[in-house]
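Chains: A, B and C, in written order; residue numbering restarts at 1 for each.
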Amino acid sequence: MRGADYLLKRTAFAIVTVFIAVSINFVLFRLAPGSAVSNLSRVPHATQETRNALKQQFGLDKSRGEQYVLYLKQLVHGNFGVSFANSQPVAENLRTAIANTLPMVLLGTLFAIIVGTFTGVIAAWRRGTGAEGATVTSALAFYSMPTHWLGLMLVILFAGVLPTGGMTDDFLINPSWWTHVQDVLKHMILPSLTLGLVLFGEYTLIVRSAMLETLGEDYILTARAKGLKPWAIVRKHALRNAMLPIATLVALSLGYIVAGAILVETVFSWPGIGRAVYDAVLARDYPMLQGAFLVLTVSVVFFNLVADLLYFRLDPRITQ
Amino acid sequence: MSALLETEDLQVWFDLPRGGTLHAVQGVSLGLERGERLGLVGESGCGKTTTALALMGLLPASATVSGRVLLNGIDILRGAEETMRPHRWVDLSMVFQGAMNAFNPVKTVGSQIVEVLELHHRAAGRAARVRTGELLAAVGIPDDRAGRYPHEFSGGMRQRAAIAMALACNPSVLIADEPTTALDVMVQAQILELLDALCRDFGLALLLVTHDLPIVAQLCDRAAVMYAGELVEHGSVDTLFHAPRHPYTRLLFAATPDLHGDGLPASIPGAPPRLDRQNEGCPFRPRCDRAFARCVDERPLLRTVAPEHGAACHLNDVAAEVAH
Amino acid sequence: MSIVINEPGLIAEPEPIRSRGGILWDTIRRRPSATIGATILSLIIACAVLAPWIAPYGLHEQVGPPFGAPSWQHPLGLDDGGVDMVTLLMWGARISLVVGFAATLVSMLIGGTIGVVAGYFGGKVDGILMRITDYFLVIPDVPLMIVVAAIWGPSLFHIVIVIGILLWTSTARVIRAQVKSVRERVYVKRARALGAGHVRIVMRHVLPQVAPLLIANTVLTIAVAVFDETALAFLGLGDPSRISLGKVIENAFQRAAISAGAWWAIVPPGVLVALLILSCSLLGQALEDALNPRLRVAHVSARGFRLRPLVGRNADAV
């Protein structure tokens, strides 16, 4: 199979990165000063049984080395400990949180990719005109705005018109499935829009850059020499090739997306994983913080791998 | 009968980033007859590639053009891009430097030849794929390669595929810009032979743009020499080799290494003038070994010095006066 | 991540490199985006540095009711503690800039060193260092910063270190590429042939060539550092004893400025942060472009080439 070794290499890289993140997690939390941090069993309001169980699972009275091994074992089994805040298994909390975050982030990112690609192509196409200047300026402006501040701006602008907090309306009792979906979507507009606007700025600039590079390639001149109309050249040749650097750079913006998600969910009280991080920080809920960090990191690594595979699929030149 | 392809006083300026313009082509007038092979020679930066691109209107937005480009007597430059585009590939087509990526790397070579066939309504679908196979076979590429990507071709094969693609719509003029640069010597010879055979078989006119004089000698009947954006001499290859009437031509041909001779290859000291400013007098004067007073402030015009032979040098006037 | 923010109409001509300091100054003067960026940045820095002398009121001085509306004496109104916003912004900018610069310094030192070592020595060393860099590149910055800040405790020093140790990756890559190309230059090879020691070569030949690019990258990093600081402050991880711009925004958020209708407590600090990040991005990007021209002429664009009409001739019908 073509490039099997490329795929293996990238997968191995992803696994090692996750491993490093897990280890960093362990080091940070167990070796940090203060027993409250290193002691996962110190769950407030928990029964003695729960505490003993935790002590056992994570070997909290054993040596660091043994703790590390047990930690890894528990992770593989999906045991992240018990939340200090609500005494529920961290894994459960995270599951709900992720389910809430994904649609919101997906919507925002898709918006950013679609609008950003469109404006980026226009900016490159209309090089040297006012349209390009205006597009680049507005893209830069959005790119420079702190995500959380932009969220607050949107709250100020749309308060009363669109819901600005939470994922659902607390006053809806037993809504039908369809009403519930509509309600969630309404609540999703502002947070997704915030995330999308900040990302769109970055993507516009990236796409424009990639397009300009591509438009300077030799085969574009050949396409023009062959008698293709300018826009047809963009459609049939340039776009396809510009997608390659775009795919990689979108992957690199994953960290940015995660940061954005945390900030946006805090501003809009969206009950997702970003908000979970905020709450955990506030309440010093270390097991949740650990778990959330791990989940976020693994997600980023995973999507990076997906981007690698996508790139591999798009570019026939990669064989190793 | 007018020439197949002619330019009249072709000028090209490029906008410079910090203002001002670069006068890359300064009044080039040349003609190409049906089936004729003309070599356009000169050192790097003399404007020969820009001239070639201008013939097909392949200049960027930063360019300004004036003059006329006559195809069968009709000025196709008149409406800029709109009047030039209809003639691309069907009347005039081009083969680029061997080092360049003429093919889009993410598409198969075959699909890109099919693209021209379909674009210009020569064939479609299955018929187009068959025709592509025929074209590739004509340049010596087995047709199972059509489904491969450009990076799977060697440099020489890619160039041959590019030639096949250039001929797909039966143009009457083929422009070849440094077609053998960056290719191995053995491959160079193959490409030249291929060009020779194809032009002969299809009755193509060939404009060969290059700095490599020996290949001009091999393939072309006539040649035109450019220097600093201007045409300084044109005539038959024989005449230019043995009886040039411009010092630059003489020095250029003398600088060509000779495998059999004993002499050291001479290089012309100095550098061409800058094209972003107006220059007085003859542009070659600083490097010329025969310059005299008149060359300092009077620009020599391209004059006919013999049948089918023109040169832009004051020395010819002197010779003419002396002869009288 | 490199974005091309360049001037329209540029032809692919690399600008001649005069002196090393000269090219930076040159770029600032010549390219509009760099000029604007440099101007705005200088203004903000000036205001921040001179804050103790030019701030209209005291930083902890209550001059009116909480969330007092804008007026002639207080063009940007008052915050939740009755403190003048203009004063707050000036002092806030100080801390934000301090954090931005300090964190960038840390990251520049780490990234620059790794980049130089990897680029200069190449081979195994390069491989290992770049592999490590790759891992750090993938791991998302902000969550890690949050975790470290939460455990370590909020203080200015901690924030600076936390941001600094995560931002070095892009610097390392850029510097490494530059060092690799410099290493192949004639005068470096000559120095090695003459037996000059590694340290000497790096100090005398490599660093001066790499310095301009390092500066460009530094400016870009400052933008990210400022953003990271505001993010951390917003999440309650900022230094509680210092007011940074991020803290101003966080305060307003916590004290429900929006419900009180006090937009002046939220909008101006964010605008200032955005301007700061914008100016750094413009300046840094323009500098990077000037030093690393990767421009090529676009072969196709909406506008085509222009035709200059023939003078004094009868044109034939087409």
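Methods note: a contact is a pair of C-beta atoms (placed from the backbone, for glycine too) under 8 Å apart; a residue touches a chain by one contact, two chains touch by 3 or more.
All values reported here derive from a predicted model rather than from experimental measurement.
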{"item": "Result of counting contacting C-beta pairs for A-C and A-B, higher pair", "value": "A-C"}
{"item": "Chain nearest the global centroid, as defined over all protein CA atoms shown", "value": "C"}
{"item": "Centre-to-centre distance between chain C and chain B (centres being mean Cα positions), rounded to whole Å", "value": "48"}
{"item": "Centroid spacing, where centroids are CA-atom means, of chain A and chain B in whole angstrom", "value": "53"}
{"item": "Rounded Å distance between chain A and chain C, as computed from the means of their C-alpha atoms", "value": "23"}
{"item": "Residue list for chain A, restricted to those that touch at least two other chains", "value": "127-128, 217, 221, 223-224"}
{"item": "Residue numbers of chain B (touch at least two other chains)", "value": "58, 61"}
{"item": "Two or more partner chains touched - positions in chain C", "value": "9, 297-299, 301, 303-304"}
{"item": "Interface residues, chain A side, partner chain B - complex", "value": "127-128, 217-219, 221-229, 236-237, 240-241, 244, 314-317"}
{"item": "List of chain B residues in touch with chain C within their complex", "value": "11, 13-18, 22, 57-68, 73-81, 83"}
{"item": "Of chain C, residues touching chain B in the complex", "value": "7, 9-11, 13, 30, 297-299, 301, 303-310, 315-316, 318"}
{"item": "Parts of chain C lying in touch with chain A, wherever the complex brings them together", "value": "1-5, 8-9, 12, 134-135, 137-144, 146-148, 150-152, 223, 227, 230-231, 234-237, 246, 249, 252-253, 258, 263, 266-267, 269-270, 273-275, 277-278, 281-282, 294-304"}
{"item": "Residue numbers on chain A that touch chain C, as the complex places them", "value": "13, 16-17, 20-21, 24-25, 28-29, 32, 37, 124-129, 132-133, 136, 140-141, 143-150, 152-153, 155-156, 159, 202, 205-206, 208-209, 212-213, 215-217, 220-221, 223-224, 230, 233-234, 238, 249, 252-255, 258-259, 262-263, 266-267, 277-278, 280-282, 284, 286, 289-290, 292-293, 296-297, 300-301, 304"}
